[in-house]
Amino acid sequence: MQITILTTGGTIEKTYNEHDGLLRNYHTILPRMLETLRLSDLEITYEQVVFKDSLEMTRDDRRCILEATQRALPHSDAVVILHGTDTLEKTGELLYKELCDLTIPVILTGAMRPYEFRDTDSLQNVTEALLAARLVAPGIYAVMHNRVLRFPGVIKDSDCLTFTKP
Amino acid sequence: MQITILTTGGTIEKTYNEHDGLLRNYHTILPRMLETLRLSDLEITYEQVVFKDSLEMTRDDRRCILEATQRALPHSDAVVILHGTDTLEKTGELLYKELCDLTIPVILTGAMRPYEFRDTDSLQNVTEALLAARLVAPGIYAVMHNRVLRFPGVIKDSDCLTFTKP
Amino acid sequence: MQITILTTGGTIEKTYNEHDGLLRNYHTILPRMLETLRLSDLEITYEQVVFKDSLEMTRDDRRCILEATQRALPHSDAVVILHGTDTLEKTGELLYKELCDLTIPVILTGAMRPYEFRDTDSLQNVTEALLAARLVAPGIYAVMHNRVLRFPGVIKDSDCLTFTKP
Amino acid sequence: MQITILTTGGTIEKTYNEHDGLLRNYHTILPRMLETLRLSDLEITYEQVVFKDSLEMTRDDRRCILEATQRALPHSDAVVILHGTDTLEKTGELLYKELCDLTIPVILTGAMRPYEFRDTDSLQNVTEALLAARLVAPGIYAVMHNRVLRFPGVIKDSDCLTFTKP
């Protein structure tokens, strides 16, 4: 099974810089994260599309994510997008609007706590996204915290620190 | 969503005894494991049915697992069974034969490396089993290492240290 | 053996807030950290003196640390101070100047990477500080990264991200 | 500072074999363990002398450890020996009897729980042994769990799972 993972930064990929004490999107941690999972049936390719806090994402950035997804569709069985949670719903709605006649699932995920932290939820979420990639019907989804939510209408619940569909 | 988890021991729940240096099925680690996952939508109840290395499981033990599963069916949306990998396929085939007209999924999972180890695959597998519980059709499954395999016919691939369906 | 630990915040005790994504000195992680070490011979009491990034420490804050140390001296076999690394040397020099006729060691330590991170150096440094507390002569020290440096004259080497004594 | 580490196996270096489910002394984990510590001032060389559960150590094995220690003395500032805890005291007493006129410390350490476990004490013990290597007078020591115990007369306290000197 062929999976394309698009990384865009966000909390999940923030890392700590010991020189200035800042937690930022410096470089992808995706290969390190994937090494800790057992995924022998998946052929994963990944691409870093943009790389920033999702609060700083512009319309152009979201356009880039859309285009990278479109390029990945023909040769992927599923596309997984790592995304900051603050504007994940905006990107999800854009993909929903622009990608008609999808024949594979496109799954957005992220984390409330960066991968480098001991108590991160990133491994749970990426594990879930990669399993949902096998099981769900074509469409745009947010997958996180044992929830599988189909766009449109997915929103971040900032009090509960997760996603929901009212 | 109401999940019943039946624990039966096996590698996933082996723990280390510092007094005698043995790695055995002393007590369940399920509550500790679940605390590290974010599962706010699930109501999980669990029951320790038998608790041993699955190589030592008798016909009676497998009968107990079958009966515990039958008792759980009416009030569960899915049943997840933690099981030793060495005879997981035997229990799976028994459940397949005895549980006709299932209306919910019954998912067997386990681990190649116990939960207490740094590089365990148990969190990945339990995360996957709990997500598959939401997504798959009624039936008996082995879920592990990003694989979702439906009984009958699932076997352990001892060379590759995972499950497969030839 | 009676150890007093004074916590003052700094990198070692920064924790992540999932609501605003900030890494700050919210609350001490000392009890959680100590639980992971085997220290059955030590009787540890701890006090939170100030709690901030050490770049924001005022003269008054350092005065508070000095006074807390003075209060601890009579009933301690050693005092360990958790401190931000950016101004650890300032506090060390103040303690050196003000605490004459010491009869026990006073040991400053901290971390380049907060305790909550997977690859933190905090456990190494606290382990070392607590062992040095048993072994070194009375005096003021910085202990970190397998280095035991006696004040005066200790400085942070910002390139190498550790302490040194030129 | 030049440190020689002699590895001899024991609990600290037991690893899990997923094929047969056994926890044994297969290969040293010392390089992996050292990578997680910040030790830029130490030049560490290591040698695997014997490699087994210390309950299986013969008189000849202990002789090998003695000879490896003697070979290391001239070019080391300290020797650290990783050893199973069950017979660590026997090896310590032998070294004490045979190594007169020591000019450097020789430090035995180990662990109650193997390095590969999440809650291992091995990192604490190795960190302590490497700091004690800087600070103690020439002699033979057991260093573990914030204790620095000088031979002769060190024994394992099997109830408390640590070393003591009655």
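Every chain is named by a letter (A, B, C and D) in the order it is written, and numbering of its residues begins at 1.
Please note the rule applied: a residue touches a chain if its C-beta (ideal position, glycine included) is under 8 Å from a C-beta of that chain, and two chains touch if they have at least 3 such contacts.
Only a predicted model underlies this, so the values are computations on that prediction, with no experimental measurement involved.
Engineer: Relative to chain C, which chain's C-alpha centre is the most remote?
Structural biologist: B
Engineer: Since chain A and chain B are copies that touch, just let me know if over half of their interface numbering is common to both, same, or not, different.
Structural biologist: Answer same: the two copies use largely identical residue numbers here.
Engineer: Can you check how far apart chain A and chain B are, centre to centre, with Cα atoms defining each centre and the answer in Å?
Structural biologist: Here chain A and chain B have centroids separated by 28 Å.
Engineer: Taking each chain's centre as the mean position of its Cα atoms, how many Å separate chain B from chain C?
Structural biologist: Computed value for the inter-centroid distance: 45 Å.
Engineer: Taking the mean of the C-alpha atoms as each chain's centre, how many Å separate chain B from chain D?
Structural biologist: Roughly 39 Å, centre to centre.
Engineer: Enumerate the residues of chain B that touch no fewer than two other chains.
Structural biologist: In chain B, residues 112, 119 touch at least two other chains, as defined above.
Engineer: Building nodes from the protein chains and edges from chain pairs that touch, which of line, ring, star, complete or other describes the result?
Structural biologist: Its topology is that of a ring.
Engineer: Which chains are in touch, pair by pair?
Structural biologist: A-B, A-C, B-D, C-D
Engineer: If you look only at chain B, which of its residues touch chain A in the complex?
Structural biologist: Per the stated touch rule, the residues are 36-42, 112, 119, 121, 123-124, 127-128, 130-132, 134-136, 143, 145-148, 160, 162.
Engineer: For the complex, give me every residue of chain C touching chain A.
Structural biologist: Interface residues on the chain C side: 11, 16, 18-19, 21, 23, 53, 112-114, 116-119, 158, 161.
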